[in-house]
Amino acid sequence: QETVKIAYIDPLSGGGASIGEIGLKTFQFLAEELNAKGGVLGKKVEIVAFDNKTNPQESLIQAQKAIDQGIRILTQGNGSSVAGALSDFVTKYNERNPGKEVLYFNYAAVDPVLTNDKCSFWHFRWDANSDIKMEALTNYMKTATAIKNVYLINQDYSFGHSVRTAAKSMLAAKRPDIKIVGDELHPLLKITDFAPYIAKIKASGADTVVTGNWGQDFALLLKAAADAGLKVSWYTYYAGGTGGPTAVKQANLNHQVFQVGEGIANLDNKPSQEFEKALRAKYDFSLFYPRAVNQMRMLAAAADKAKSIDPVKVALALEGMEFDVFNGGKGSMRKDDHQFFQPIYISSLGDRTEKEPFDEEKTGWGWKLIAKIDTAQTMLPTTCKMERPK
Amino acid sequence: MLELIVMSTLNGVLYGMLLFLMASGLTVIFSMLGVLNFAHASFYMLGAFFGFQISRWFGFWPALLIAPLLAGALGAAVERYGLRRVHKNGHVAELLFTFGLAFAIEEVVQIIWGKSPVDFRVPSSLDFPAFTIFSTNYPAYKMFMLLVSIVIFAVLLITLKKTRIGLIVQAALTHPHMVGHLGHNVGRIFMLVFGVGTALAAVAGVIAGPALVTQANMAGLLGPILFVVVVVGGLGSLPGAFAASLLIGLVQTFAVSMNGSLSGAFGPLSPDYAATWLADIWNVTIAQIAPIMPYVLLVLILIFRPMGLLGTRDT
Amino acid sequence: MLEVRDLHAYYGKSHILQGVDIKIDAGEVVSLLGRNGVGRSTTVKAIMGEVPPQGTILFKGSNIAGLPSYKIAHLGLGYVPEHRDIFPGLTVRQNLMLGIKDPRKPGKWRLEDMLQMFPNLAARADTAAGVMSGGEKQMLTICRTLMGDPELVMIDEPTEGLAPLIVHQVGDLLAEIARRGVAILLVEQKLSIAMRISHRLYVMGHGRIVFEGTPADLRDNDAIRKEWLEV
Amino acid sequence: MSTAIELRGVEKSFGNTSVIRNVNLAVAQGERHALIGPNGAGKSTLFNLISGYMLPTTGSILLRDEVVSGLAPYQINRRGLSRSFQVTNVFANMSVWENLRCAVLWATGHRYAFWKNVDRLPEVRERTARILEDINLTARRDVPAGLLTYAEQRALEIGITIAGGADVILLDEPTAGMSHAETERAVALIRRLTEGRTLLIVEHDMSVVFGLADKISVLVYGQIIASGVPEEIRGNPKVREAYLGEEAA
Amino acid sequence: MTETTSSVAPPYPTAAEKLKFYGLWVGAAVVLLLLPKLFSSGGSLTTFSLIGISIIFSLSYNILLGQTGMLSFGHAVYYGLGGFLVIHAINIIGANKLPIPLPLVPLIGGLTGLLFAVLLGWVSTQRSGTAFAMISLGVAELVASSALILRTFFGGEAGISANRTKVFRLFDWNFGPQIQIYYLVAAWTLIAVIAMYALTRTPLGRMCNAVRDNPERVQFVGYDPHVVRYLAFCFSGFFAGIAGALAAINFEIANSAYLGAVQSGTVLFATYIGGVGFFIGPIVGAIFVTILSLGLSDLTQVWQLYFGLIFIAVVLFAPGGITGLLMMHRPLLKAGTFGKVLPSYLIAFVPTLAMLIGLILGTEIIVYYAVHSGDDSHIKAFGVPFDAANRYVWAMAAILLVGGYWVARKTWTFVGHAWDDATSVAREKGIAA
């Protein structure tokens, strides 16, 4: 019996390994789920892991290796820097090897450029791009009158830059009274102690910090804040990542850390809660990538629709596809730029009520829903001009 | 402003002392055995993980004692069964040996403790703010780190000055046979030095583990900077390493605290250059280049004062 | 005191020592003569364990063949190698200090005595030994080994590169060492000095001892001198 | 007759110990000049100064009437002065042949050439072969220098020194550690190789000194206390007291 | 005079030897030509291309380490800058339709490497030894970090990319398919290897060796060791630039990792493991390390552990590198005594292999329990499936490991004896070992 192989190309060693491994386990869990339901078009799904060490060039070597093994679907998420290179590679590869096309499913790299100027027919993104998230976040911040002085701190690479530029322009438009008192960029995954940055934030008199930091760059930032007793509100993209909740609890920032994302465990939605329970029963982490669930389920749906697992046909089937997303509500894969649109949620971490059954990292604290932005409100325009196969 | 200066000085000194804590072992090994021990940071990591595990079982204070002993024993074994055999093939061979070792140690740590950070906490007896300035808490644990660094500095300095071991090792670097003929057991001394050096790294690990992250990639983040400390300070000079650690800690911390850039000083660049490399240079802030400061220092030192800050030997 | 029986040694596979027998009694001065390359240095190296020895080496009754050299040294055997091997980075004083095996047990040679005996060394006590002149280095090595208080010293070509006057002085030093009850095994090139201070002489040829006797015996034995020593 | 090497008021001190004190010395072209003196007198230091390895504290050094103090060793070498070392100083991992060839390359004008095949330079081959013959190491041509016996290494050291064809040669204890037989051979070799050139030699072996030198200078505590033809020196009481001792008389 | 010369100097190569020598290169060219026919899968073409690049890079590194005795921690700087410039060049050539065909583009990389070596080399090569090593480390970190700051030129973390098919075409080769890239790399590899070999045979090449052995003495035969080191550094930078250029053409991307410590470390590894003492050493090392780093991660999850252990083993047991190990046998082959050691090798091989299998098995079982406990215990390591939860498998691993070690130790002493015999016979026949 034939299998549908998906190459998982993400860091499994080095600084990014901790999140890369969680992603891998999530996908393996999802593959098992699909297989239990009979797989894709009756074929078993298998995730094959490739270690890219968060390095664009290494990713291309691994992608090439995957293709050489006959794999036609690649998935990657950790790092927009890698994503850009991979998308470019896949586009060129498909152009030069007609009939042997491969698809690239992006589950987490959110640099907007990937579905704008540098969009590609072969690239599909299930995560909301950075601009969409910032739009949602600033819409909420607009209403929080307590915010006066905002400090931006981000990782020095494409994603961090897009968070920073979007934050600046959107805040300026929506809340011109807010002052940006700091705008910091720091090296990606290289800082061991954020104390100097915290001192700077403190000295700036900020009451709010906006950051796209992820992985250890978030956990360590919060840890340093906790040590120094910095009390501000945090608007984040990835506070839920490994070590994040623990650090938030340590800093005792009860419902002062906000996160924008496409879902949380504590949504009042039966199926996703069931899924969360099953995942936690097996692994000691919570679902960090709800979009990966959508991605895998939509792959199965698209293959069904196309009655084939041929990449080109699957791609065409995915275009414009409507889908009931994992956390509830409607989503759709926009044909113009292959960006998936779905409801976006803003949540905060802290004490739970009985409405929030799940805690995070055994801290006792959990995510509480603050605001929901419907799919329609997240539709930002795109500049993508896609070259499609004839 | 004053607040930032005071805080940065504090943070800088602290970071510097942490560097020293790690670099002291490397100085001992590097200067005495001439081994560029690329696995030094790995022993630092082992110290942190051993410390984590032992403090789970017996508490932090026993861990602070046992973990370095374990790591030191491991280091001694590495010297005895590995490095010693490689020694005669020269420094490059030794260096690659430790390279390989660093790889292996990292993977072993990942196998045992996983790739995600472990929850290594500051002991509750030290988990309180030592003092508060400018409404910022200064954790007692950091004061403790400072104290340990200084104690280690003092103890090492005294032992190095007062014992003959330093002399014997230095002599053995050039003429190991001769040292043996004079009745000194060179092998045992090398083993001891390596063991002590790695144990020092492990002390740093146990102490820094709870303050920073304890994760399988923690070694890679600190490796090269330790060499910078040792070389800038001057090979073989412990006070030099101390001074260099402080210097680097302060320089880096202050650089982070500064927002100055050419565009800040001379006004924004004309938009004609917006998409050129000139714009990059124009707009980069001092804070952004903070991480490369130590290397600038290294290159400058090697060009203008090759023996390092307080060193006597030419590298 | 030292008795070497049927000593063999190899460099790789080349058989350098082919059964050397030597005996030295306490307090005795014995010279080992021979042409370049016959294996005199190798003999002392083998005794010290720098070259793996095969055979029996009894020192004060116990077999030391195969022991690591630091253990041999602790038994009271001193060695001054041919290439001087001073520690160039250390000062003269530090070099001398390293000769002391156990700082808690002072021996009969003291740092002060040494410096007094060799004013050259005293003047440079705190300079790096590496920059000393060739002759100064030679003296330093001998002194350094004496600091370890050996009962027998093996000295390999101590007068190489020394000025005639100093050669004489070294001869005096050796005599002084012997007077203080230390046995000496002297490996020499210069017949004159060996003849002057030795009680007994060995002549080596092709990895074996070819002659044994007193200086007077050797003086009388032209054949041996012609065949195994100089021209 | 012009001077090959001339030292004018040369002094050298390390820190505050002065090792060479006001040395004036002239070695005539084509002369074989021996420098003797007690250990630590500063003979090797003087060589280091002349060859550019060290800088004199004061004073000047002239090579064929041109001031060379302050030049780097390789610059002085290019002006025709070559020296050997008291401690053997060869290219240990290279074969005897290559050792000698390296010493020939600059002098034959090939310098840093990276476009010529070194094996196909006839004049280099010829010269190297000649020197190899001269120092009697033909049989050891392909042996790495580090594996030669001590005496062979000393011979190679001399070979390297003269290979460049310099016409001023400085030899620092060339026969140290050699047996009598070997010493004699070495002396003959040196005599032959330095025919027509200027030689400045340091030796402790008086038979070598008296057998070879046209002129002798005696250095004691960094000062030249006597200078003259061998007979004068032998008879000089100051020299006897400071250096020769009674024996050598 | 000439007569003495011919009897004393090493003889000129005979016609037969010359034939053998040139035949070797021609043979290499033919092999390179035919290789894709023998291994035709896409994977092997990529692998071969990477090996070719790595060969040039390692050989260029050995100009420093092996030939001139300079340990560099920053050789990737010249490789990376070559790569970056080539990416820009391809973009410029494509955009302006300049008549420069792709096969000439690596030269741009080489010249870039050369230029930066010329600029940075003079101060770096002032000293040798540890000082040089540390300066190279500092310079490398500086350049690599600056690459992240100068985003317009270096493209930040993501790097910059290009499309190699958009440049001027010759003979209708668009260099899209990997096979065309393979031939491009192969041709350049051959050229670069020949050039670097030739370099070792020049006066400069010889003086590099002299500087490595004894920089002090070099000064007294008329050479300035600093200049020698500097020139070697420049050549090394040039060839590293070519390697970087080929890598850039192969991947069509250059990012800051090209310049980084990992890249510099890998080339040091490859060169040393191959053997710095031989010209072909780095070639062997490049092949070995490339295959290892590409293949090992497919065979086992904890590849990094094996990677580390393999290096430790090579450093411990093969001080002259892999080539050194092989070359040790040359005198035996010449003397015809290789047969004496062969049987002992075969005897030693079996228990050693058993020991290694036991080690691997044990490691994988531990990994299974430490990392994947709960998953299916039927796992695969190095392509061999087994059941990690099976007690018999455990026992087997233990027996193989302990027993293998015990027996292997004995057999290795055999090897030692056989080796001694064989070499002494060889020596008696006058063949130096």
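Note that the chains are named A, B, C, D and E in the order they appear, and that numbering of residues resets to 1 at the start of each chain.
The criterion applied here is as follows: a residue touches a chain if its C-beta (ideal position, glycine included) is under 8 Å from a C-beta of that chain, and two chains touch if they have at least 3 such contacts.
Listed by chain with UniProt protein names: B, E = ABC transporter permease; C, D = ABC transporter ATP-binding protein.
The structure presented is a predicted model; accordingly, all values stated were derived computationally and were not measured.
Taking the definition of touch as given, a chain qualifies here only if it contacts chain A and chain D alike; those chains are E. Counted as hops between touching chains, the shortest connection from chain A to chain B is 1. Between D-E and C-D, more C-beta contact pairs join the chains of D-E. Taking each chain's centre as the mean of its C-alpha atoms, the one that lies farthest from the centre of chain E is C.
Between chain A and chain C the centroid-to-centroid distance comes to 77 Å (mean Cα coordinates, whole Å). One finds 46 Å separating the Cα centroids of chain B and chain C. If each chain is reduced to the centroid of its CA atoms, chain A and chain E end up 39 Å from each other. Note: centroid distance chain B to chain E, computed from Cα atoms, is 31 Å.
Multi-chain contact residues of chain E (touching two or more other chains) are listed as 145, 304.
Shown for chain A are the residues that touch two or more other chains, namely 13, 156, 187.
The set of chain D residues that touch two or more partner chains is empty.
By the touch criterion stated above, chain E contacts chain A in their complex at residues 41-43, 46, 50, 145, 148, 156-159, 161, 163, 165, 176-177, 247, 251-255, 257-258, 294, 297-298, 304, 374. The residues of chain C lying in touch with chain B in their complex are 48, 50, 68-70, 73-74, 78-79, 81, 85, 87-90, 94-95, 97-99, 101, 103, 144-145, 148. Put simply, chain D touches chain E in their complex at residues 51-53, 72-74, 77-78, 82-83, 85, 89-94, 97-98, 101-103, 105-107, 110-119, 121, 125-126, 128-130, 132-133, 138, 141-143, 160-161, 163-164. Partner chain E is touched in their complex by these residues of chain A: 13, 50-51, 55-58, 60-61, 64-65, 67-69, 79-82, 84-85, 88-89, 92, 95-96, 156-158, 187-188, 282.
Of all residues in chain A, only 12-15, 17-18, 20-22, 156, 184-187, 190, 192-193, 195-197, 199-200, 202-203, 216, 219-220, 223, 227-230, 242-243, 246 touch chain B in the complex they form.
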